[in-house]
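There are two complexes below, and they share chain A, which is joined by chain B in the first and by chain C in the second.
On to the complex of A and B.
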């Protein structure tokens, strides 16, 4: 088997392995946290098990399970369609922040600042859409620029002062959060968008929020589904092309794989570090725009003293997707799927359990690299032995000789 | 048992998918002998030793210790049987002290929980004195020289009372003086009754120190002979399978225009601000090979970094083809006309997780030929890479798609040589281009260097191997403590004279010679 295909295959197998382990652990969490008082008819142990498996089924089937009649079936099917729409809606910003982190990973940088860049992009979009009433694509472009600027800062510090990007990223996350909060507090125009004392604001208006493309009818009237998911997938494909088809991607990956060799080859490592962070910031910024421009109840800006979770989820999405832009589409959808599925647990399990389960799986996503290396390790050793061996074989026929001898 | 063998490896067969790394190999080690294991890269030496050290399990064959069959399942078993190994790449904890590294894993305890460092120190220092293995027990490994690191590895074996010592290519990282010291130490071990397995492909060393030698080729046992009854040429023929010439055929150099001119170059060390290159001036002409000789750590590495642009210079000028390149970027220097075979092929020379084709276009990927509007022309890159692979006979599992990491050291070096020579630059800086390579590959690279010279390139060769310096160069400069202390014509000097200059015992007034 070719090494290339093997590497790809092993990444996929490793990721699936992580998901399975994560789900098993999630099941254990369900077992442990089940509160017996809520159902008293069955014995404690069986109750625990049946309830936990009910929970797992709920998560994995997006809330759908065992319809009793045809009408019930139709009703559930409608719910399913609606929920698939929710998955797409949740996935949108996750794919973008996942791409952001994955892109930086490829250059050997850890962009933990996606949260701040996401917020900067988000507020840029809110200004464009809410105050200037610009069309959504212009707002997305503005978010891209804002994210890029905020991402450039850690890049500049890394390139010229050799300050670890993780530290500057964490700082820019908080600085970004408070800058945006101050801005929202002090801008009446923003508050007039419906902001009350808690400074919550919502966007509305045709052409200003993301175009819904009549997709709602496909998803049982779920109007969270918009052109945004298509935008996210297009960005993933563009990032893939940049990384794997262009000289820019060649340079970026060279810097990430071996900084010294890249420098030796005449690649400007400083330039690439900055550009990598600029692109990563831009991607996260677009993620923020997609989220706020959806314009429904979910997508409101609240001034909070909590960093945007989407930025950190991006790390998990990138890890789970093996830092591959196409993989990120799927891992983003998967994590969104868990979130939606988890929402249906609520009558029996506490709301918080959803986050516990998601984070268990996310935690295990960090192991995907470990598993992949484990799978590859044995293989590479053998390959090395083979190539060592073939060095001294003068002509290909000799290989055949040895192989022939082996058969006898 | 008619003879007194401490270790017998009988009919060992170990295969990896698609290849038999060891095919029915037998090796018998006598008590108190130095037994060399000779073979090219990939001949199966390391696999055989890994079997003995318990890292691999053979499919067939048995291992006997003192005539009794033993099973070695892991390195702990090997250690318990008194087998110790010094690996080619040292296995030391950089931030631990020398003493802690030696006792790591078998620390003497005090009261069950505390390490008895006093006892350990005494034992280690006794061993160090007894065998003349000079160490500083309190220095951290990251601060000591490679030579001392090796002594630490040897002490690790002695500390564990090993009496069968495996040395895996121990001289690859040492200076000529350190090699002599090591040889002496090995002889002392043998006198003491310890048995030594010495893996090498350097014939001079085997002739100097070994009693018997086992030659492997392509995973098969070729012969086991007494060193006394053989010659270097015969061994080389057994190892490579054909006659090898040790002296390089070359015409007289015909130096033409000055290509590289270095003027009063000064470079300070980034670590301690010590001057590592002090007022260095020289020039290299088209059609000649200028060699810089010296013991490792006398500023050669820094000189190469300064010339190639990897590090900044503090003062002085570098002129390439009449252009001042002192402050140019690496890319600009390359475009003016500089190729560079770096000292450390894995750190600088290659991107190990890039395929062969990407490594071969590392300095050309941005040219019109290989990209249009920023998109890589994969087809052209593959065609170019296939051509180079054929032309330079690079052996790899999957051609252009092979990951550089999965290739052997010799072939990795060939990739770099192919890339740099095909760059067709008027100046080639080659730093230790044959380090760690076997006879066949060295012969090949020397021939290539001379070919490039005859085609009119200027070559600056920086080497620690005096044989190489004497064989290949047209002019020799000796560097000592960051200064050039002498200039020689290889035809009018000898290794001994160079050695005196390299050790700082003598110096010419170079200014005067100009």
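On to the complex of A and C.
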């Protein structure tokens, strides 16, 4: 038991270590990309080093820096509240796509198709909300179904035709994008919602867009905050219950750890592969619905030729969260936090610095096994020797997992 | 008379570019490492190659030496890709890290890093600080001394439209890769490391070294593919926009081609043909134009076509598909 808690503790320390390394590299990038002309817009900056530390403070304090007086303090407190609301708003679709990727990881599948499923869910929600004027929870349910259908395709191909899910997911991403575009071009009702030549549309109306629950007053009037973030967290908890407290979840994980062993134990691996992709698709679909149903500037659907970035962000969220649904809530919030911080870097720095931080953290989190072993060195060996005396078949507590982070 | 040669030309160029990157993916997966970071590696290659061409144009070397300068730029692109892929090799081979995580990190890092690099370099030269590296200089195009008139004729378009020095090299790469994989000691050793590394090690093969070479080759080819893509698709490299999912497509082509060079060529040709068909569809009379539907519909349908065709072909051919047995699993000396 003691070893288990120690392992958990050390994995948290390892994650923090990764974040620190990421931030250090970001500071170096801030130092290198300093430009005198751009930073002249901020009076506090006097040189390369002060500029970099200004940027770092902006990222870490959600756009604030040291207040000089009490009134200044109050003003900045308002900005802080607004920015926290912004973090929640950004986090909502990220948590959902992160959950989608994490859920598939648990079955040993790599859902790189969250982008297409997200879009399908989004358009289903737009149809329900914009054309049929249904309440937001019905729209979310429709998005869930649409995402599930689009996610089922890679699952079916994998289970019955032995086609690698990575390739089907890439194909369904693009097919989904063009299908949605064709649908939008040919539906006059969608264009009339906010028709212009580029076919953008905006959703409005109480009850149709996500309920605000008077949350705006908590976040200094930021009306991007809605019931959506609560929906996302509830979904995360539901996914956690499914994975760790039900037979279905146990079977899914068994398939992910060793397909042949699962089959031998009488688990229907084909059914589990399909169901896993269906659930993953549904989660990504809800993410799309939450994003478009927010109803402010975020709810504009534009026909584009580029895949939705939210689906790919989901991969980083899932990896950072160790493929654990509860971990995904925090990693989603963390990435959203960095994004808001990055927005505040402008115009002195480019927002791309956030991607540098994220990728560095992800890269080093791949080493987390190594870090953990380093931290645990000696300690585990001794504990293991004791536990081995009682049970010779006891597994070592730190094992390399082939896909998707740590074991529970 | 420009339709047919244009169609064939577009198919060949696009297919060759896919083939090169997919071959890179093949080498690394055959050695047992999954490289999902091909997309990011391509961006690095394209950016460094384009920056080299720009530098040669500024110091006048390009005007004097022409194709030699382009060749050096292509080498720089390939080498930068190779060095970049070493990040993945180190994480996945020595640190035994999850290869999907490493590859994803590479994909996120590359566009951000290249964007920052380009914007800070270019702001030195112009106040606008453009984030696109342009290389549409006269000396970059490869004419082989043929006249303007010939280049607009049937065979001229067939062979030389969008032709750059990368095209013949890509053909060479395919031939060499096929021979290396099947006919040389290195190729057979590489495959054994992806199938059963412990057995390979017991036969005296250095699994770590072989896997490093495998990943390095994938970086080399992806970097080359990056600059090739830039020559075909655009007149400049915008790192922020990346290579439009091309690296992922190459990954799909590799799986479609069943990790075999011949099949990869076939798969790339099928995909590229339908892609080219979409591009030229408006000029082909017997193809439906979907003009009774809203504007943009037909265009989208043809763009969707290569992806659908790939899925359908896969559905019929994939029963026998088999990935290298130990791909994605870190080599553990102690495991049996």
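Rule of thumb we're sticking to: the second predicted complex is superposed on the first by the 331 of 408 C-alpha atoms of A that agree within 3 Å, B and C clash if a C-alpha of one lies under 4 Å from a C-alpha of the other, contacts with A are read in each partner's own complex, and residues count from 1 in each chain.
What we mean here is this: a residue touches a chain if its C-beta (ideal position, glycine included) is under 8 Å from a C-beta of that chain, and two chains touch if they have at least 3 such contacts.
Note that the structure is predicted; figures quoted are calculated from it, not measured.
Legend: residue contacts after superposition of the two complexes on their common chain; A:72 is shown touching neither chain B nor chain C. Applying the stated contact rule after C-alpha superposition, one finds that A:356 touches chain C and leaves chain B untouched.
Between chain B and chain C, the partner in contact with more residues of chain A is C. Applying the stated contact rule after C-alpha superposition, one finds that A:264 touches chain B and leaves chain C untouched.
By the document's definition of touching, of the two partners only chain C reaches A:161; chain B does not. In the superposed pair of complexes, A:247 makes contact with chain B only, with no contact to chain C. On chain A, the patch touched by chain B and the patch touched by chain C overlap at residues 402-403, 405.
For chain A in complex with chain B, the touching residues are 2-4, 245-248, 250, 253-254, 257-258, 260-268, 380, 382-394, 398, 402-403, 405-406. Contact residues of chain C toward chain A in the complex are 87, 91-92, 95-98, 100-102, 104-109, 111-113, 115-116, 119-120, 123, 127, 240, 244-245, 248-249, 251-252, 255-256, 293-297, 300-301, 303-304, 307-308, 310-311, 314-315, 318-319, 321, 323, 328-330, 332. Within the complex formed with chain A, the chain B residues making contact are 15-21, 23, 40-44, 47, 217-219, 241, 308, 310, 329-331, 333-334, 340, 342, 347-355, 358, 362-363, 365-366, 371, 374-376, 395-398, 401-403, 405-408, 410-411. Those residues of chain A that touch chain C in the complex are listed here as 29, 32-33, 35, 37, 110, 112, 157, 161-164, 166-168, 170-171, 174-175, 178-179, 181-182, 185-186, 303, 305-307, 312, 315-316, 319, 350, 352-356, 358-360, 362-363, 365-367, 369-370, 400-405.
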